[in-house]
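Once you scroll down, you'll see the structures, which are given as structure tokens.
Look at the two complexes coming up: chain A is in both, with chain B in one and chain C in the other.
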Partner chain A sequence: MTALGVTSTAGPSSQVADYVISVRGVRKHFPIKEGVLQRVTGHVRAVDDVSFDVPRGKTVGLVGESGCGKSTLGRVISGLTDATEGGVYFRLSHAAKDRLDELLAIPEAERSAAEGRELAEIDRAHRIDALGKDRWREYRRNCQVVFQDAFASLNPRHLVKDIIGRPLRIHHEASGTQLTERIVDLLESVGLGSQHLYRFPHQFSGGQRQRISIARAVALDPEFIVLDEPTSALDVSVQAQILNLLHDLQEQRGLTYLFISHDLNVVEHMSDRIIVMYLGQIAETGPSEQIFAAARHPYTEALLEANPAVEGGARAVTRLKGSVPDPARPPQGCRFHTRCPVVTSQCGWEVDDAVTEAELRDSGLDGLSGVSRQSAFSADLTFETEAQAAAFVAQLQAQETPEPLAAALTELRQTGTDVSVRFQPVVPVRLERVGPDQLSACLLHTGQQPAAEAVAR
Partner chain B sequence: MGLIIIVALVGMALLAPVLTVPNTPDPAQMPRDWGALNEPPGTPGHPLGTTTSGGDVLYGLIWGARTSLKLSVIVVSITVIIGTIIGSLAGFLGGRIDTVLMRIVDVFLSIPELIFALAIAAVLGPSLRNIILAIAAVFWVKYARLIRGQIIHVKQNEYVDAARVIGDSRLRIYLKDILPNSMTPLVVQATLDMGHVVLIGATLSFIGLAEAGLAEWGVLVSEGQTGISAGRWWVSLFAGGMIFLWSLAFNLVGDAMRDVLDPRMEGR
Partner chain C sequence: MSATDPTSPASMHSGTGPALAERVPLVSVEGLRVHFTSKRGVVHAVDGVTLDIGDGETVALVGETGSGKSVTAKSLLRLIPRPPGVIAGGKALFRSKMPCPGCRGAGCVDCGQTGRVGEPCTACAGAGCGVCGQSGRSTVDLLTIPEDELRDIRGNRIAMIFQDPGKALNPALTIRAQIAEVFAEHRSDELVSEAGLDDESGRLLRRAVRNRGRFFERRLGSLPPLRSQRRRVDAVLDGRIVEALADTRIPNPVKIMRSYPHELSGGMKQRVMIAQALACDPDLLIADEPTTALDVTIQARILDLIGELQARRGTSVLYISHDLSLVRGIADRAAVMYAGMLAEVGPAEQIFADPLHPYTRGLLAAIPTPGMGRGRLAAIEGTVPELIDPPPACRFHTRCPHAATACARTDPPLAIRQPPDHRAACLLYDDAAEVGERPEDMPDRSAAS
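Right, the complex of A and B next:
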């Protein structure tokens, strides 16, 4: 039972670490390259300024639609990719976390030399991309990942024995017969046995394969595991078994989880806290019960309604309309405004929205020959004929145009073949406290003033 | 089918010293029977006839198989090793190293294989060793490109990420995860090239880039060619047939392997 011991092998520093992981201002932008010269023409903002904490021994659920950046965030946290900006901190105490936040709140230019040194010191001790060799190794042992596709994450040419024994061998934990014993212990702890030692991954079912990758992930007795949709590739009946296994392992070994999923049911069952992501940012976050009982953000509400297990879920299809916008050009203001069912005129309407709206109609964009854009909120559109320009204006003034969009237009003026379109500029909507432990990024309940006044400040 | 031919031909090559009385001092040279020039097949002592210079055709075919085996094994081994090293450096390290190495490869690939090999062999002078060098110098680029592509592809597999997460080193990840999973198309290509190399080798020796008198199929075809108009068909036909058989067999086996091992490779 050596490997199944409850005590963690982590060093003394872990005793004071209240947060296994703290994410601060993380961005991950992927360059979009085009043409033979591979010139960078833009960036996919897969993760765009995300901060949160993962308390020791808890499970934090990360939910959101496909492509919102969940896996990318998971990869940044587990050190598989570097963040473009921001940092991931390992094992912060309450006090250290508070101090870090104080220091980070000071703009870089205004930091005193002493504050700069203090920050650098915290970085060296805790920030995963600034750790020394030994501490990085410690992190590598203590942060593991279970991937969505168990088959893809197991080398097809390796035996189960080698797959599970590999972390132990790399970290010189065991060798020889002792190693085999440890491997069998691990196999048994995930519901497999010594009869599976000498088989290849393809000889197992999907659920069994996921058990093998879980055994590999817990082999080094880590503190923290990123579970990237560990059950979404499995049959429903198998899903429940794997979730129970993960739950049991967490209790036995005092594990901390970041549980990534697009399935709210699964997340509700597993998580203490929930983070709802939309287009690379956090839309809402809070304790699990709170989110399920009293979600504040319209996106969370829409997700909950799309959930067939929640009463009235069928309505959802009509509510969460349209597709996720391109993460390379995220919408202004509130990123959700293009799809929000309760959107207001203040939510970030921009020229693109007017053009998209006209495009939906039969002849709204006919004859568009040029666009000169002063900002996301202001542009002059040139049409081939005056009639076509007039048609565009008429479309936007028609009944079908959503009222908030129409109300947000500060100018829609035709001069000859030109149409100038102006909206009130807004700033991005921020996450704000909406409950004792709940944050949300929506104008409706945070009292933010995103419009021109805010810009002027 | 191809496999049977390969077994027969390779068996013949390996057993050459047993099947014939080796010529002295150099068994790779044709023995000369100056009393029996241009004998047709069926002549006692020369079941497949002789050449204009009294060489025994059967001896030439058997020892020619040995020459072909030597040629193809050496060339394929050298090119696989060099190609794997260069392709791995480019694919695994990427960046500027990759760009530079692939430029070089592109230059090589822009010249037709045969002409390139011919030019090199011609410069080096006529000998089997130089033919080997010439073909190897031309062929490694194919492997480099193949391996590079495979490695870039395999590198993206999740099991590579999984190995990084448990803290394995880059070198071990390359050796344990990336390289073994990149080798399949290489094995196919190497098999195809076992035939291909012999064809090119025979072509080069046909035009006189091997040592004179070498027991080699291309040399035999060339030697027999002058007699064809005089009705002495046997030398060129038998030797040419061997070249054909050898290339065909490895092509058949290589193609079959490609289909079995990796259906996605089709049409490449």
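Right, the complex of A and C next:
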């Protein structure tokens, strides 16, 4: 057994773990069911291969537009839903994390028996879906969640005393008068008092309800709290109170936060590190100041530009076109390429893009009767008449078609009523280091050459 | 109630610059009060709001939840439920515009390229009389005119965009049907004449188009001679709808027209709402938190779109929002509301650069900005007071850092604090003698500046 083995047997009970949470290759796919038999016809890829670490005592901010999977990721981390693939690791030390990365880097088929056992060992000690009963219980008490809607997350038929006292009772922390004392302490720590003990949630304002949620979350003195948009339902003045409270609690109790929000001002204010998600994947990650001062990914730049600021002058504005693509069929290559202002021909153009482009015009897709698709990059479209097929080709060759798309087209040939569309195949873009501690998934900055690689295959 | 202070209209309308100063505002709200009766007493949701909206101006109404900003806007169109709502007092004078006679709506120098000019008063033909308050413009009080006259104004002269496009659109109707309704209600004459039909057969069709036809009339309309005419009207209507949708930069409007709301994304739905609101070229657009339900990237584009359409058509916009940082970028003037009253009104730039009211200052300080130490946000302590039978006092005094004895018993007037028209309702800027207080009870001015 290696030195690592020792730390891993110490496991979750050790208080010196450097990373409270480490996420490795997590995917969460929701099946789309159709028909009477509810056959699975596809998957919504809410979270698609996400890895990051949450260091102890820090706040990691998770930002992105609605539907990018940030809340789903929060639920997976807190154990409320299972990941489809990948794992969430709890309390890894530096050494254990490095070893885990080494082991995970080896493809499963090439792993030796010893390496497999070592991985299983780490999994049993740290991976939340493989923990034993007692460790799982310990994880549950050390990982708490504060939800966005404090009205929906507090049982309207329970008294505040029951709501905050429940975690303490479940974990046999206190009972009787001692329990009441603990609850009053907790209420006071979030700026409420003993006069609120015997009230129902509806008797409180939004800000007070969020305080109750926070009191419940810190009741068991956890290490880690997932804050899922804790202030987005609140007014700015109340939001400021809650953010200050969260900060004070973090100072006093040494808490680690995963702060999920779509409000960039708030995330910047609260976070040490920031993760920008787009369509289930990480677009960019790095220290908070660095992301805000020198964003490298065009998506982060666009988000920052669109964010209204109270101070500072008007910024040069590039607006993103279109909306977030369907997560059941995420774009090839870089997922952001359909909306990217600095897109190149190498970014992953595919048949779907050509079709969407034609669809935006008035008569581009009229009479489309069949599609035979060889891959995402190659398909034959059949139209009802030759004229309609010609119209489709003409639409794609027209001036309005984005230049990168036209450049990426390797073949656009009409034979009778058929049109064959071919694009250069491209591999998905990877997150790569672009600065000290800053990762970005964009071809422009990372110098990846996926097109060349793909052609070589 | 001194804060209502119905200052004479002449001194009120001062817009963004000298060019607007001598113009008559499009809408003058004077001392508007809206109450709601409840079991526990009368809730003074809006308690004396005085506000002008100039031609082509964007006025932002900012405030927290429950400050009465939406109620103010809705009562302009009398959309508040009555009962329990009661319009307890005040006026909302609306001076509608008409197509410019010089250019017939095409845009000329006279109308400032917007194609619209103020409609002269019918009683005095623009000379100024008692009916129009010496403005010479055709003036109606939105709060008292009969319901059918208001119906002609709603959606036609004053349109509204609601917060949640998902809820404001009818899920059971196509986009076409929902926009067609606006044209059918307000433009049925134009549709019939554009379809090249004479007045005789037009009358029946008009009723049919407006969905006002009786049962046998509808049957008659589906018989061959009228059917073909109806189709011609429908074709004209389709053209209008496509035009309206295309104006909001919706790609492929023909396809969108045939779809249902659930098939569209949030941003698209909001565009449809905007198309619907702007279909009849309104003089005033009331936007009630139109981007709150949207992502920042979509929000930015919707704001661009509203700004662009406004600039082209010279529409005035009343923009309601709780988001100060957003308002800063779009508004000419801003009005900050707190607990049913205006705390501060003035040019948006001045309000952001030099806020006068402690509440506005608190709100601005509460927004996280770069470089601000974590955990040191200047939160406004306490919560919004109950609005049931409020005493005559500054509504903010329970949370105000500068509150003094006088604040709890005197209602500060919304007076001009910084010329030309930066107003704030705070005793910090009042003389003790003027408000009838002893000097030692007044808040300390030195601590505030």
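Rule of thumb we're sticking to: the second predicted complex is superposed on the first by the 428 of 457 C-alpha atoms of A that agree within 3 Å, B and C clash if a C-alpha of one lies under 4 Å from a C-alpha of the other, contacts with A are read in each partner's own complex, and residues count from 1 in each chain.
To be clear about the criterion, contacts are C-beta pairs under 8 Å (C-beta built on N, C-alpha and C of every residue); 3 or more make two chains touch, one makes a residue touch a chain.
Given the structure is predicted, the values throughout are model-derived calculations rather than measurements.
Engineer: Is the arrangement of chain B and chain C around the shared chain A a clash or a fit after superposition?
Structural biologist: After superposition on chain A, chain B vs chain C: fit, no clash.
Engineer: Once the structures are superposed on A, label A:A240 by its partner contacts, choosing first (chain B), second (chain C), both or neither.
Structural biologist: In the superposed model, A:A240 contacts chain C only, not chain B.
Engineer: If we overlay the two complexes on their shared chain A, which of chain B and chain C does A:S323 touch? Say first, second, both or neither.
Structural biologist: second
Engineer: Could you look at A:E65 and tell me whether it touches chain B, chain C, both or neither (first, second, both, neither)?
Structural biologist: Second partner only.
Engineer: Between chain B and chain C, whom does A:A302 touch in the aligned arrangement: first, second, both, or neither?
Structural biologist: Touch partner of A:A302: chain C, not chain B.
Engineer: Identify the partner contact of A:A387: answer first if only chain B is touched, second if only chain C is, both if each is, neither if none is.
Structural biologist: It touches nothing on chain B or chain C.
Engineer: Between chain B and chain C, point out the one touching more chain A residues.
Structural biologist: C
Engineer: Smallest separation in Å between any Cα of chain B and any Cα of chain C in the superposed model?
Structural biologist: For chain B and chain C in the superposition, the minimum C-alpha gap reads 17 Å.
Engineer: Take the contacts of chain A with chain B and those with chain C, and give the residues found in both.
Structural biologist: Touching chain B in the first complex and chain C in the second, no residue of chain A appears in both lists.
Engineer: Spell out the residues on chain B that touch chain A in their complex, using ranges where they run on.
Structural biologist: Counting only chain B, the residues touching chain A are 157-159, 161-168, 172, 176-177, 180-181.
Engineer: Name, in rising order, each residue of chain A that touches chain C in their complex.
Structural biologist: Against chain C, chain A makes touches at 65-66, 205-208, 235-241, 243-244, 247-248, 251, 262, 264-266, 268-270, 292, 302-303, 305-311, 314, 317, 319-320, 323-324, 359-362.
Engineer: Would you pull the chain A residues touching chain B in the complex into a rising list?
Structural biologist: 75, 78-80, 137, 140-141, 143-145, 147, 149, 152-158, 166-167, 170-171, 213, 216, 219-220
Engineer: Residues of chain C touching chain A in their complex?
Structural biologist: Listed in rising order, the residues of chain C that touch chain A are 64-65, 251-252, 254-255, 265-268, 295-301, 304, 322-326, 328-329, 352, 362-370, 372, 374-381, 383.
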